[in-house]
Amino acid sequence: MNWVIDIVLLALLMFTAVTIARLRGLFSAAIVAGIYSLLGACWMSVLDQPDVAFTEAAVGAGISTVLILVTLSLTTSEEKEPKHTPLLPLVVVLITGAALIYGTIDMPRLGDPQAPTNLHVAPRYIEESPHEIGVPNLVTAVLASYRGYDTLGETAVILTAGVGVMILLGGARRRRWRADDDKRDRA
Amino acid sequence: MSPSTAIYAAVALPLVGAALVVSLRRWPNLREAASLITGGALFGVVLSLLPHVQSGARPEAQVVEVMSGLWLAFKVEPLGMLFALVASGLWIVTTTYSIGYMRGQHEVDQTRFYAWFAIAISAAMGVAMAANLLTLFTFYELLTLSTYPLVTHHRTEKAMRAGRVYLGILLGTSIGFLLLAIIWTYYLAGTLDFRPGGILAGTADNWVIVVLLALFAFGTGKAALMPFHRWLPAAMVAPTPVSALLHAVAVVKAGVFSIMKIVVYIFGIELLHDTGLSIWLMYAAAFTIIAASLVALTKDNLKARLAYSTISQLSYIVLGAAMATSAGVLGGSMHIAMHAFGKITLFFCAGAIYVVAHKTDISDMRGIGRTMPITMTAFFIGALSIIGLPPMGGAWSKWFLALGALEAEKAIFVAVLMISSLLNVAYLMPIVARAFFVAPAEPAPGDDDFAGAPQGTVLGANGGSSIKEAPVFCLVALCATAAGCLALFFFADDLYQLLTPIVNP
Amino acid sequence: MIDNHLPILQILLPLVAAPLCLLLRHRVVVTALAIAVTWVTFAVSVALMATVLQQGPISYELGGWPPPWGIEYRVDILSAFVLVLVSGIGAVVATWSPASISVELPRYERHYLFYCAYLLCLTGLLGITITGDMFNVFVFLEISALSSYVLISMGQDRRALTAAYSYLIMGTLGATFILIGIGLLYIMTGTLNMADLALRLQDVADTRTVIVAFAFLIVGVSLKMALFPLHLWLPNAYAYAPSAVTAFLAATATKVAVYLLLRFFFTVFGYDFSFDRMQLWIVLMPLALIGILTASLVAVFQNNIKRMLAYSSVAQIGYMVLGISFASVSGLTGGVVHLFNHGLMKCTLFLAMGCIVYRCGSVHIDEMRGLGRRMPWTMAAFVAGGLSLIGVPMTVGFISKWFLVKAALEQGLWPVAGVILFSSLLAVVYIWRVIEVAYFEEPLAVDGQGPVREAPLSMLIPMWVLVAAIFYFGVTTELTAGIAQQAAASLLGVVP
Amino acid sequence: MMETIGLYNYWVVIVLMMTGFYIVVARDNLIKKVIGLSIFQTSVFLLFISVGKVEGGTAPIIADGFEVYSNPLPGVLILTAIVVGVATTAVALGLVVRINEEYGTIEETEIHRQDVEA
């Protein structure tokens, strides 16, 4: 692996992520988020996962961005100035991040052929699936056979999301909303 | 009828009665007949168990295994027999009385009243015959819940507040303390069965026993040990028949009965007697006896005074249990019956006065004995029994309690009993004296409560307008219980014979 | 033949029925389909339970690929127990729902979408429970989560939308945390199968990575099950969702999360790791206790009764976690049996609320005046559920409390036992507020519609089936506490 | 060299994850939160993907002349997860549109204020 590409890509990813966090304009944030996904996809292909990279580019950078842009056109594209200092979120995030970094210390190094992930389960896919399934692309083979039920579940997720969007946006509904309920509900 | 069938019948009959009452709600006469017939049948069923128990048998019935090793089960032993007899017998009398009272008062929702009353009696039967603490607790809670609609019968703001106190204290103590004590006992002893000699001996340190005893004593809120007595005066907002049967007999006796049973069959008399761990409970009970009597003195409302009197009298029984001597336990147990007859008579009289004269305050009852001689005579008899004077049943239980105190070498409690008796005289006798020997106040013009009371049973041709007795159903009932007070004095030996096995297994 | 394929049938039935709803569209047909499918699903879960009780755990290899290479469905006593609860509640609520949603969902012709989402949610919850594969958990978690966000958003009040949105954010964060946890475990072991994972974790249990994975899984699941203080999404979600949705989710969704917690603690990481090495109870027990007390207290001050019951749910989840944190057979039995029992009683209570919404349009405490006379059966069901929540004997709530208190005493933690019982008293307060209003106050003057009537039989009957269950399982506990005890014993790896 | 890069990779991915997480919890705007959520999820996918890499390996597509293949399993999982992620995003955005219709705003504090004042 070319570690120069690796470092450059990661630096770019970091740059875009921080940019998104700092941006006020939602439109630009959406575009930069698309770029972020694209960079992620590049990194994935560098890490030998072209199938995932394609999907991420199409779904993450493509569909997601389009969805956000459509939403922006239906709502608003400017974020308001925050009114409170985000101290608590910062603390939570820092603790979570610190915990994760603590967790990496004992992890196998990137690309280590002796890592447990490369010794257990995966070898069988690599060795047996050409005979058992007969598809050269291992990702496809595993996706369609060994872990086919995840794929079924994935389809169900798409169905759910579709139904959800139909429920939420299908036809203009008028909500029956009573102002007096609000006051009384607060004891 | 086999004994176990009789046990099932005793618990189920009142429920059937309740169903009948509801289905006959359109025909009040039939409805009341249903109550009475159920009461009669129940008493017959309970009575059919008596020979078995007297002959030393302990009829049992196991219903269902709730958790592994924990059954919903019944087993009749002398103490439970006594309680069941008293509660079921007095139910008939109270139903008779209720007919007169509820109709005389034109109470609303009478169907609901009779139905919940029957359910409460079923719960009381369950408490009386419970074979283990789990069953006891189940029916104890059922009793609390089924009497709640009776206490709040009038659905007024005042009734609702009283209901809160009632439920708050009874559920609070039972869930907070009693349940904890029961589960703790189960954890220590591995069983919850009532066994002669107790199940806790040798399972725990002394401090645990003391804590458990405290949890049991205060957790049984129905026993109205101070400071958890407030529910009883609050419950007086209920119609008088409720106060009479439930809050002088079934509910409160379920409380002291539970404590007695726990002392005898869970701790075991020997454990408490030998270690002297219940001494603090004796003092607590003594405090309640005296303090409640003193409070009773200050109450002008008759039912309130009777309620505090009940609180005081209940602690006699707790005291008897805490003495953990055979005479103490016997005295306490006998007092369950003695006090029941005495106090129910007093409540009946209070209700009768209210029905006829609409008077609740003692200060208004001047000369009432002249217009209601039978009622007030019965009141006098009941009062004597409560005070503990011969020839009333109450004399015996006090006698045994005093013996028990001596047996436990705690003479101070003999003194407590004496002082308490004096206080009883002080708060009961003035009522009688005022009723008979003070001239009635002139009815104020326009005050037609008294003069025009339409419900009275007019007795005697010459008595004419001056004698206005209670409705005849009420009169019959209160005469019967007053007679009971007398009879118990003469038949105390039978009671003694019945109860002896609990201390000499 | 069918017998062998029960596990997959359990999932496929609702999963296939969901898109069918989209195709059929006709309101009556879809409703009938949903009701029929949920009942058959329930029958399947009961059959699975019977099989597991007879033959021991079932392992089902999806697509014929043996684990750990393929995905395994694994049904043991615990998962069968939860399956029965989830599918049973699913069936009862589906049967109850038609009348309710015809009032609460404004657009009549879109009922098929509701049932589609409902069946997907059921599929997701059942899938989480039955699977033996970590990643499969994540996938089905998302199915159930996405559909429940949508279902909640269907509420009449506009706050249903914001409630669904915050649930979505919290839920997705939770799911992502779980995903991170799964990833870290995968990194350290190379496997995703739970049983295989349990074996392989033994060697690497000391690594920091595994400990961090453990923490992330717990936090993720705690978010999902609304463990105090991560419960903030729950009250609004339950208060503003359509009544049928509230009843279903309150009785199942958080329970499945608790199930997941049990799976992670005991099956994947094992008792030694979770409780001996990590001393988990030090964190769990205080959180559970504080949650029980605060949520019960807050519940007392709510005027929207659905919201009140929602806070009560947070408290009840505290009970379950408390039971788990004892890590003893009694404690786990208490936790597991409470999972089941609380499902029964909370579902009953929310169904009663649904009946009231159906007739009165609101569950504000003022609307409930005089309902004791107007809707006697509905209110009686509420009282039954309420008594069970309090823990009155002969109801299921008593059984749960019994085991929990016993477990606390076994470990000498009598203050904890005190807290359990004290919070029962808080339950008395908030339940009795409703009872007093319903039975003591005069009904509100009705504006021109005539007096409020009792709910229709189509709602009363399913609700009373649950009431009957509350009392039945409150008296004989062989099927609940007995099974829970076996499940607890097998989780702890001891012979009962 | 490999050692440091191995950790450097993970750490950067963690920083990315936390940036997304931070956007979700700290920002007020509902759409911004959704963007943050998707950054968070995408970064988690990156973590998974980096696990599958085998030094000197090639993409897991069987072909002559290659011996060492990277682990296909993370790819399989992440393919599923990406779809799940976009499904979540879609539902979230649908909710945002509806919220905007009802409240006329997509700022959390303003929505909260409206609910309290109403």
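Lettered A, B, C and D in written order, each chain numbered from 1.
To be clear about the criterion, a contact is a pair of C-beta atoms (placed from the backbone, for glycine too) under 8 Å apart; a residue touches a chain by one contact, two chains touch by 3 or more.
Predicted model, so just to flag it, every value in this text is computed and none were measured.
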item	value
Chain nearest the overall Cα centroid	C
Selected pair, greater C-beta contact count between B-C and A-C	A-C
Distance from the mean Cα position of chain D to that of chain B, given in whole angstrom	70
Separation of mean Cα positions, chain C and chain A [Å, integer]	28
Separation of mean Cα positions, chain C and chain B [Å, integer]	45
CA centroid of chain A to CA centroid of chain D, Å	3
Contacts with 2+ other chains: residues of chain C	135, 139, 142, 146, 149-150, 153, 158, 180, 186-187, 192
Interface hub residues of chain A, defined as touching at least two other chains	100, 104, 107-108, 115, 117-118, 121-122, 125, 147, 150, 153-154, 157, 160-161, 164, 168, 175, 177, 186
Touching pairs among all chains present in the structure	A-C, A-D, B-C, C-D
Residues of chain C defined as touching chain A within the complex	15, 18-19, 22, 62-63, 65, 68-71, 106-107, 110, 113-114, 116-117, 120, 123-124, 127, 135-136, 139-140, 142-143, 146-147, 149-150, 153-154, 156-158, 180, 184, 186-192, 200, 204, 207-213, 215-216, 239, 301-304, 307, 362, 364, 366
List of chain B residues in touch with chain C within their complex	64-68, 72, 134, 137-138, 141-142, 145, 152, 155, 159-160, 163-164, 167-168, 171-172, 175-176, 179-180, 183-184, 186-187
Chain C partner contacts - residues on chain A that touch it in the complex	99-100, 102-108, 115-122, 124-125, 145-150, 152-154, 156-157, 159-161, 163-164, 166-168, 170-171, 173-177, 181, 184-187
Chain D partner contacts - residues on chain A that touch it in the complex	1, 3, 6-7, 10, 13-14, 17-18, 20-21, 26, 29-30, 33, 36-37, 40, 43-44, 47-52, 55-56, 59-60, 63-64, 67-68, 70-72, 74-76, 79-80, 82-83, 86, 89-90, 92-94, 96-97, 100-101, 104, 107-113, 115, 117-118, 121-122, 125-126, 130, 136-139, 141-143, 147, 150-151, 153-154, 157-158, 160-161, 164-165, 168-169, 175, 177, 179, 182-183, 186
In the complex, chain C residues that touch chain B	387, 390-394, 399, 401-402, 405-406, 409-410, 414, 417-418, 421-422, 424-425, 428, 432, 436, 439-440, 475-478, 481-482, 485
